[in-house]
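Pasting the structures in now, so scroll down.
Two complexes, one shared chain (subunit A), two partners (subunit B, subunit C).
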Partner chain A sequence: MSNDQTNTLDARLRTAIDKSVSNPVMFFFTTGALWLVVSILLGVLASLKSHWPTFFEAFGELSTGRAYVAHLNVLIYGWCFPAAFGAIIWFMSRLCRKESKHAGIIVAAGLVWNFGVVIGLLGVMLGKSTGVPWMEFPNQCWVIFLFAYILIAIWSFVQFRVREGGHVYISQWYILAALFLFPWIFCSAHIFTFVFDGHPVMTAAVASWFKSSIVNLFFIPVAAASVYYIAPKVTGRPVHSYSLALLGFWTLIILGAWGGIQKLTGAPLPAFMPYVSAAAGVLFFIPALTIGYNILMTTKSHHDLAKKSPSLRFTVASVIALIGMGVAGVFLNLPSVMRGTQFSLSGYGYEILALYGVFSMSMFAAIYYIVPRVTKREWLAPSFIRTHFNLSAYGVIAVVMGSILGGYLQGAAVEAIDQPFSDAKATAYMISIFNSIAWVIILISNLAFLFHILLMAVRLGRHSKHATLIEEHHGSSPHGADGKVNNY
Partner chain B sequence: MSDNNQKPDLNEDLNVLDAHGNLVEASAASSRENQLQENGMEPVSLWIILACFAGVLVAGTVLGKSGVLSANSYNEFVVSGYTQAERPGGAEEVIVPAAIIDVFAKKGAKIYQAKCQGCHQPTGLGDGANFPPLGGSEWVQGDTSALAQIILNGVIGPIKVAGRTWNGAMPGQAAGMTDEDLAGLMTYIRNSFGNETGDVISIEMASNALADYKTRMGPAPVAPPIKVAELESKYMVSLKGAKLDPATKVNPETLEVVAE
Partner chain C sequence: MDPQRDTPLKRFGAFWIGLFIVVSFGVAALFLSPSFKADMEDPALQSQYEARLAIKADVDAAQAEQFEFKKNGNKAQVAPEQAFAYTAKQLLTAQPKKTGTVVPGSPTDLKNNSGN
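Up next is the complex of A and B:
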């Protein structure tokens, strides 16, 4: 069979796969984008109310405490998980070269998942929050999520079992690990918190462990799967180094579950628990650096592409954020820093860096790559993508730098016992105002994204053979306007 | 019959070029893709290895800070020299003195909730079957020494309360009971549930009651429940100690009498 025929057959298979997963993928991405905007609105509200308490006072369901809890939980359960599911389903189908035969069940399970988010959000607003960080949705919700997860994820396992060809690509390692580890982390945390009647201090430890583990062993692996897929795919180059990929993968999986409890340094727990977690938090630097370096080296010498291709630009932003997360982990887990930042905004900054800077940016990259393929339309407006990227990047840099460094200053001010406590409050006040502005910027960015993806969902994208690029071509192609083949 | 055979290859509505164009467009995104290549085999840069070792070194230092692994690190995180700042204006919190009968009854109510209301019920009227009422009870409103010994030792065997004979076993409640607790509890039950003796059991009286209890207990670790016969023969008296005016003002936190 000639090379050309193989290519045509391949393209036909890819088109068939894209068609088979089109509905679930678009369902998860659009509902995710919707929840993302809701979450950011709540984040803006929580941030505004922290320095402007009388704002929106009449609506008690969204007091500062409830809005903040709703903001983080809707971000995680409304946007992060569904976006991850959409990406996992598409990557796994493509990499296993198998069509999905269960799109209907996945969409139904996705509806169940979103039902859980609605119930949880209402519960939090009515004051029924459980009070356990990142597990605040009222108790029943986690069972709904687990049930929906099994129905969503199981088909990706099945696809992997019956995959074509023996080679298992790096993205598949990460997706499989994430799919296996999620039920373990999710069940352990929720069962030890809500089913067994444990000691309250241990519940606090379990909750901190859950936060750290779900980031390190679910969100970061899915982000890694996305960047390892998109960078070589768009540039057409092989992944820089296989050994580095192996190193990054195994260090992440081995170290991922040790973190989190450093948040409780000084709590009545055996001293080794927070310190082991702090050491694991420092060691997170290794997978972050190796994954980031590997991707950056793969895209090296394609700077022009990174400017033009939305997917690649978001991918590069995501891995830079990942390296930043590794560095922030080293800084925040030094005992001298930890004692000051423990009760400050720094932890929030680190969480937003992980959830938005690394994970969400990689998911945006995946979405800009996947959606044209499953909808058979090209993105409508480069200006929307530009707005989305620029405002997201500036906004998240502002929130993260503001919270981590501001939290450090706040912690230092709290520690300065010879100064009045109001000094520390003044520092936090400043950061809150800064954060509010940054969240408004991120809100504008994601309104553009939501509008854009909704247009794509109703198939109002461009009909074209060519991808939508962020920057217009300078100069003309020798093959004429329509003759240039591009790969993005 | 079947129109399958009659279906034309082309009908005039269909423009072949357009149809082909649509098909090409539909698969355009997946056609223009690059194939994923085999993984690169670039050697790992020395700088990356060094950076990873630096990370391990820092992590080791952090771990080394934990000191004795099982120790609690609380003290390390408490700043030495910390003193609480004065309240704005420097004023002490104002404690308003209140009537001793109210203060004691309030204290006693808490102890009642913890120790007594399981059997004698929140109404203080018992359950009508096994546990006698306190409201209207001649033992509660009668001689204070007998009441104190019932509370401290518990009672076994038949006892006549409010016109009926009860045959149960009340366990002693002396464990952890301080003079202040007993004074509060007795003041409370003698002035609640319809009882209105209007008097206060002072801390001095309660202290004497506990002394009697210890005498009865002797060297044993705990005293056996008392019987009605023993109560009637030895304890049908009022507790020793100066009577206090129920309106005496005391500090509600320290329970000390406040000089007017």
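Up next is the complex of A and C:
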């Protein structure tokens, strides 16, 4: 078979794969974007109420405690998980070179998942939250989520088992790990917290472990899968070092399950537990730096491309945030620092760095790469993409730096027992105002993103053979220099 | 495309292997659960619980007694929610009583101080 014939067959296979996963992928990305905006709105509200308590005071459902809880849980279960599902489905289908034969079941399961998020959100707003961090949705929701997850994720494993023979890609390692580690973490945490009649202190330890593990063993692997796919694809270069990729993968998987319990330093737990977790938190720097260095070296001589390509730009931002997360992990887990920051806003800053800075940025990169391929349209407006990137980057840097550094100052003020407590209160007050402004900026960026992806979902994108680049001018036609091209 | 790799039987098997791996975590947790049950039968703690519960019962009874209706000669003790309306009405109809307090800067204060 000649090269041209091989290329044609390959292109047809890719088109068939994209068509088969188009509905579930667009469903998850679009509903995820919608929940992201809802979550950020709740985040703005929670942040405003922390320094302006009388804002909307007539509505008890919108009190700080409920709005903050709803903000975090909707961010995780409404945006992060659906975005991960959409990316996993597309990456696995493409890498295994298999069409999806169960798009209908996946979409139905996605509807069930969204139903769970609605029930959870209403439950939290009406005061029925469980009070366990990151598991605050009412008790019944986790069963709905587990059931929906099985029906969404199992087909990706089936595709992997029947994949065409040959190399297993780095992205596939991470996706497979995430696919099976998630039910382990989710089942363990929920069963030991809500089903078994265990000791309450153990429940607190399990909840802390859940928060850390779900980030390190699901969200970071999916983010890594995305960056390891997009960076080589866009630059046209292979990954810089296969050995580093192996090192990054195994250190993440081994260290990822040990963290979280450092939040309970001083609790009536065996003394080694929080300090082992803190050590794992410090050592997280190894996989973070490994993955970050590998990807940055892969894109080293393509700075121009990183400026123009939305996917590559978001990918680079995500890996820089991952390296930052490793550095923050070292700083925040030192015993001398942990003493002050344990009950401050630093923890929130670290969570937002992980969920938005690392994971969400990598998902935006995946979405900007995948959506044109499944919808057969190019992104409509480079200005929307620029707005989305710039405001997201500035906003998340502001929230993270403000919360982590401000939280450190807040903790130091609390620890200074010879100074009035009002000093710590004043520091926290300033951080809250700063965070409110930053969240408003992030809200604007994601409203632009939501609008843009909704236009793509209804197939109002550009008909063009050329990808939408950030620094691009369409010329006389909105579809580009070639005019309107039928991509069917 | 290798037809040997992608067969309905292989897909069927992969589905059940995947389902088993996912469900096995929950099953393993069920088997491990007896070792994680909190030990509430510690005899040393049990005697302390009983003493504390007895004290709590005494305190609860004493407090509940304060809310019961009791008549003592001309006076009656009623539950707080019954007294609020009556007390509020009394306060609204009560006239301010004259006291010996002089507000600084008032005409009385100035008149008193002008003689000094």
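The definition used in the following text is that the second predicted complex is superposed on the first by the 472 of 488 C-alpha atoms of A that agree within 3 Å, B and C clash if a C-alpha of one lies under 4 Å from a C-alpha of the other, contacts with A are read in each partner's own complex, and residues count from 1 in each chain.
The working rule: a residue touches a chain if its C-beta (ideal position, glycine included) is under 8 Å from a C-beta of that chain, and two chains touch if they have at least 3 such contacts.
Treat the numbers as computed from the prediction; the structure is a model and nothing was measured.
With subunit A as the common reference for superposition, the partners subunit B and subunit C occupy clashing space.
Contacts of A:191 after superposition: subunit C is touched, whereas subunit B is not reached.
Contacts of A:140 after superposition: neither subunit B nor subunit C is touched. Contacts of A:241 after superposition: subunit B is touched, whereas subunit C is not reached. By the touch criterion stated above, A:301 is placed in contact with neither subunit B nor subunit C.
In the superposed model, A:464 makes contact with subunit B only, not with subunit C. In the superposition on chain A, A:98 contacts subunit C only, with no contact to subunit B.
Using the contact criterion defined above for the overlaid structures, shared-chain residue A:383 touches neither subunit B nor subunit C, since it reaches no partner.
Residue by residue along subunit A, subunit B and subunit C are tallied for touches, and B comes out ahead.
When the two complexes are overlaid on their common chain A, residue A:289 makes contact with subunit B while staying clear of subunit C. For subunit B in complex with subunit A, the touching residues are 24-45, 48, 51-52, 55-56, 58-60, 62-63, 65-74, 76-79, 81-83, 85.
Partner subunit B is touched in their complex by these residues of subunit A: 7, 10-12, 14-15, 18, 169-170, 229, 232-245, 247, 265-272, 274-276, 278-280, 282-283, 285-286, 289-290, 293, 297-298, 326, 330, 333-335, 339, 372-373, 376, 378, 415, 417, 420-421, 463-467, 485-487.
Those residues of subunit C that touch subunit A in the shared complex are 1-2, 5-7, 10-11, 13-15, 17-19, 21-22, 25-26, 29-30, 33, 36-38. Subunit A meets subunit C in the complex at residues 97-98, 150, 154, 157-158, 160-165, 180, 183-184, 187-188, 191-192, 196-199, 202.
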